[in-house]
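Two complexes are shown next, each including subunit A; its partner changes from subunit B in the first to subunit C in the second.
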Partner chain A sequence: MAEQFYTVASDSETTGEDKSQPSLPDVAIGIDIGTSKCSVAVWNGHQVELLKNTRNQKGMRSYVMFKDDTLSAGVTGGAAKENAHEERDILSGSAIFNMKRLIGRMDTDEVVQASKTLPFLVQTLGIGVRPFIAALVNNMWRSTTPEEVLAIFLLELKALVEMHLKHPVRNAVLTIPVAFSRFQQTRIERACAMAGLHVLRLMPEPTAVALLYAQQQQQLMHDNMGSGIEKIALIFNMGAGYCDAAVAATAGGVSQIRALSGCTAGGEDILQNIMRHVLPNFDSLYAGQTVDRIHSMSLLRIATQDAIHKLVNQETVEINIDLGNGHKVSKVLDHSEFEQVNRAIFDKCEKIINQCLVDAKLVPEDINDVVLVGGCSKIPRIRSLVLGLCKKEISYKNIDALEAAVSGAALEGAIASGVNDSSGSLDLLTIQATPMNLGIRAYGDSFAAIIPRNTTVPARRDMLFTTTHDNQTEALIAVYEGEGERAEDNHLLGYFKITGIPAAPKGTVEISVCMDIDAANVLRVFAGVGKPQGPAIPPFIEVRMPTLDDGHGWCGQALAKMYGKTLDLAVLPKKLQP
Partner chain B sequence: MWRRAGAGPLRHHLAAAAAAGCRVNRRPLPPMPPASSSPASCSPLSQHNLGILWGSASVGAPFRSLSNQSGGGGACWSCGATGAFLSCGSCRSVQPVDPAVDYFQIFGLKREYNIKDNNLEGKYKDWQKKLHPDLVHSKSEKERGYAAEQSALVIDAYRTLSKPLSRALYLLKLEGIHVDEDKTINDPELLTEMMEIREAVSNASDSQTLEKIQSQIKEKLETWSDSFQKAFDKKDFDRAVEATQRMRYYERAVEETVKKL
Partner chain C sequence: MASFASTAVLPTCGAGCGAQRGSRCVARASLVAAPAPATARTHYEVLGVGAGASRCEIKAAYRRLAREVHPDAGGRGDEGFIRLHAAYATLAEPDERARYDRAVAVAAPVRSRAAPAGFRQRRWETDQCW
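Take a look at the complex of A and B:
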């Protein structure tokens, strides 16, 4: 999965000998990098164990603090000695956080645009290149990148694990949001490689939870309390940055992911909505980052965050804060107002759950358990919304909302490392599905999906295309991933040209495009002229995706402008999949 | 961890001498060329591979030759035990794909249309637990390659057999009959009916009406499914092909109602 030179081949892998129980240093650790908090867990030989930092935290704030010559991440607590000061330091402009929202995104992305109200610098040109981000050090903006920040954080996390385990660690299973594109996944892998970690798997968060659920169901069966028949779980996960849903069918320790869906809606959006609600001139007041404004905004952010947390258990909450410069906020917030302000977010949640059910071809009555995880799953409206859509009174009880994803990742780490457990608690398997459509651009700006979303992995599909002009000798294969009907609404993963197409009337040549996702989740695209055949036809082209490194928004537009018409393709409506 | 300490050949020797049990009974194998874990990663330049590519591609279910109806399983490449089918019963090694095995054999079913839901998903999961590439991560490159292929085959088999239409088409294919799915409708009656359904779906304003339309289409789907079975049993393949085409139209119509619901 990661670049070749980071792969560590143990001698048993190269000789093809059956491997006996791997020694514990070879067991991959599980990491949940959250937008707000991170956690790490390991299989300790008997069970999954979450590790704590020196301040006794299992969930460590995700940030990196930039000081004169030192960098420190939230694992050890950065510069702050006391927890109470930590939040204020994070919001001082000197720390970069929300890396997970920013990584692998272009400056035209709405998530990046929304990040401009964070205390550190997020500068955009709006042309589809990576945003410029910087932390405040000695009253100067010092530039960095989300990958770099994440790598620094992971390095500190790795050191923490090695201190606990007293041996070096190299393999890891990380959880990622369902909405992460393959390009974003490569950014995560890059950050891991920079931190000296080899990514064994990137698991969509709800599928990690599904694995934990499968283990518990298996355990119940062993204890003769479960029936052993198939159980269907809907897993809903909402953290600070993302919201995901999955439907998993579990039997005998095997969890088949029937459907996945996700979007970028989370606690950060709720927080920003409430801040704008209690301070209507928020945007004009905080336009342009000065030290004063950053300080004032951090006060508002802390107070609002606090209020949202309190509102989980209270009917109403009061926000009273002096923002300096004569600006004061004094406001009482109740649930109905809170729900009104965040209606768009709840609508998004509803949409992904409904989509998940439709894609899984299930009705609410088919669902046995509703598993609610992630920090935002504590919000009453989220709970009632998810349970309501699934027609359930209560959610599944035995899973900790904040520890589920990392525990699942650590389980997967142990399984993928080949650990056997005599008690059978690792006798598990998750069969993954693709979270998004994969396809190419055709008919100008349309998107032709070749591997539809929720296809079981490993997968291979192909589709036939044809030329759109007479005597067209070249065609552009632009590979996209996403849910949009227009190619431009999706993530561009890469592109290449098929050349030497024999001159023929339009619509007569068969161009075959095959997509293959192997067991390691690597995507390859094969394309070439399928008909006519013969020695005069150029060889097929195989490309491992994504090939793009950066600035892909820019790139997609340039491609469309330069070649959109001349090198276009049309779908050949023949031999559809049964 | 003495096994890990030795150099390659010594380890083979030690392992072979060490114990009974199939794991160590393995004959030393000649070094394999670096086979890729994915069947697709072979160079598409080779004609042979292209053949496979097309086969699995255009129809979703690779055509498998039926000349050798063994199905009982052969000798395990790893421990030599007989009766190894997909995975070895005694040493659990994943076996290479046998092109003579058809999807029905994988699920232990007779080759017939009406499979009466024999807990297909359960059997599918049982196989995946033995074959899935995630579970042979620490095995040899060669065996991981087998696992990737076998697992993909079982996924295809499950996908194909679990849905009536794809199961019907697969049965026809096993009989050597190719269904031209692109054939245009020339039955004016069907054409009118499809247009009427489409109109009714687009005019339906509430979910109740849509559900009613949907159940009507599903009934027709059921009828044609039955007539496929009868025709297929009588080896009246022309009628069987016609039935699959009808089934396809009604399935598309159901999809349209689902989209609107």
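Take a look at the complex of A and C:
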């Protein structure tokens, strides 16, 4: 099956980069899988180079087209000119896109719910299992999964890189949104494995940008242009699916991530808001996908997308479109209306920036540079909002908004592969932080954070818990990740029981739970009875998280119902701790 | 600012760090003026700075040592970096540092024989945050 893609990729009329490149077979490539567009870059021995597809694009549309028995991804985009996929083909229901929004999410997730207006089929049962997704092939819905779609895309991308480099590629560094849960990260790794790629590292997007920034600052210092003092950058990244912020402190090639925050708000949400705004009965019109409805929705989507792009440089924009079946849209949109309609999204952006500043213990005046990246960073309101919050007039100039993340990933790929560059441009270290609270369920449905968000990794933290019943001999350790106060508001990563707790009055036994994140970002949980000690106490348990494979929403509720009361834990008050 | 300890002469913030090219592959704590076994070292000893070190010196020391002990930079295991970061996180925050200094001062009678007198004391009037 895979061979077909390779033959397509050899149609390289426009790739002029055939100059002999030094053979660097083991260097990991950098991949930025965007919700809308994807790019790939490699360290070519001197610098980072973005690769172009046969259509001469660096940013390749992220989708996979299902057609009869063949599958083709947006990397080649249908390749030959007569078969080239147009936007209307991609929106015909036959292509699956927005994989990054769907991967690793349950059907209760609001992002999945919002995806039901996409042209392909997204079916939900609302019980916390994975959604059913399918593409339209010969007037039939053919089921697939986000992982499978992503794997097909990555396979084509890998073929493109191998064609350029003329040797097999195995390792990759991928950028991911800050808001990705550890469960979603495992899904990305799985898709990569299906495509024959080994994930060397998953980098939160703004930290990849921070690495590029650190390299530029280091370069300035070598050229005696920089002062060499610590520089603090706020990086704001907003693409089609996600929005992230990071604060990085950089000096001497060492970049320390002081804070990270992110949310699921992006161009896709803006697009949907505007579509609903210009066509108020949008949802009722498009409930239940027929070929007609898919077609007219794709017309609206293309027109709205186009209007949003034009509005970046214009005061007003006109949307005039005949959707068929007597439905017409005729609307003039200006900036204030655009901002009004998307206020909730801008509020989310504001919130993550403020949270980043608070977590980094900084005030706007401490920030030296504001780096704006991602497709949505071109929107005037986003620019003014971020710059306003950071009290800056202008943003940092030397970073390309659409190429920054993938360039950072390729740099990390070279560094993590151990490439030594004589010019010192790879002599960089990023000290990462973990973006979300990690902890366990306690006191019924509360969440006890053991490793708080923005803790520098590698990290190791422990916390003491105790029993909530007299003679309680078992306790459930349910590990969660997230920002919610209640355990249920967070992502369940896994669970296990501690058994053989010696019979004792409640509150007297000491249960120690230790969490460890190593430099490769692997999370391990160690738990057991800390007190009393002795040969009658069972050994500690070590679990690598996440252990859950699927249906984690449903699973959390079942755990709470079955064992919530009987196997509960409480945080041991500090005064009782040694 | 005068430094009480004679452990290390540090570059001022940032400058000189760039000279350490390729340290990623060399690494290991042996490059540092190898401090005694890792147990029971004060945060100042971990960072190799004197008790009077400025915030800038502490940051520079942290960065310099991170390039040696961070697992990504060739350090062995996570332990070294976790200890380094704990020391830095405490000493880089004025409130935390003051609390730490007080705690160490309380414990001083037992430990004072190990270190020269005055090693852990700080000039409160000059560099406190309040």
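Please note the rule applied: the second predicted complex is superposed on the first by the 543 of 578 C-alpha atoms of A that agree within 3 Å, B and C clash if a C-alpha of one lies under 4 Å from a C-alpha of the other, contacts with A are read in each partner's own complex, and residues count from 1 in each chain.
Assume a contact is a pair of C-beta atoms (placed from the backbone, for glycine too) under 8 Å apart; a residue touches a chain by one contact, two chains touch by 3 or more.
Since this is a predicted model, take the numbers as computed values, not measurements.
Of the two partner chains placed by the overlay, only subunit B lies in contact with A:Glu542; subunit C stays clear of it.
Of the two partner chains placed around the shared chain by superposition, subunit B is the only one that A:Asp462 touches, whereas subunit C remains out of contact. Touching more residues of subunit A than its counterpart among subunit B and subunit C is B. With both structures placed on the common chain, the touch criterion links A:Met163 to neither subunit B nor subunit C.
Contacts of A:Phe526 after superposition: subunit B is touched, whereas subunit C is not reached.
Once chain A of one complex is fitted onto chain A of the other, the partner contacts of A:Ser417 are limited to subunit B, with no touch recorded for subunit C. In the superposition on chain A, contact is made by A:Asp518 with both subunit B and subunit C. With both structures placed on the common chain, the touch criterion links A:Val291 to neither subunit B nor subunit C. After overlaying the two complexes on the shared chain, residue contacts for A:Met221 are found with subunit C alone; subunit B is out of touch. The interface of subunit A with subunit B overlaps its interface with subunit C at residues 230, 251-254, 415-416, 418, 427, 429-431, 456, 458-460, 516, 518-519. Of all the residues in subunit C, the ones that touch subunit A in their complex are 13-18, 20-25, 59-60, 63-64, 66-67, 70-73, 78, 81-82, 85, 89.
Residues 218, 221-222, 227-230, 251-254, 415-416, 418, 420, 424, 427, 429-431, 456, 458-460, 516, 518-519 of subunit A are the ones touching subunit C in the complex.
By the touch criterion given at the top, residues 1, 3-4, 8, 11-12, 15, 23, 29, 32, 37-38, 40-41, 43-45, 50, 53-54, 56-61, 121-122, 124-126, 128-129, 132-135, 137-144, 147-148, 151-152, 155, 159-160, 163, 165-166, 169-170, 181-182, 258 of subunit B touch subunit A in their complex.
Those residues of subunit A that touch subunit B in the shared complex are 10-13, 15-20, 22-23, 230, 249, 251-254, 256, 358, 415-418, 427, 429-431, 456, 458-462, 464, 512, 514, 516, 518-520, 522, 524, 526, 528, 530, 539-540, 542, 573-578.
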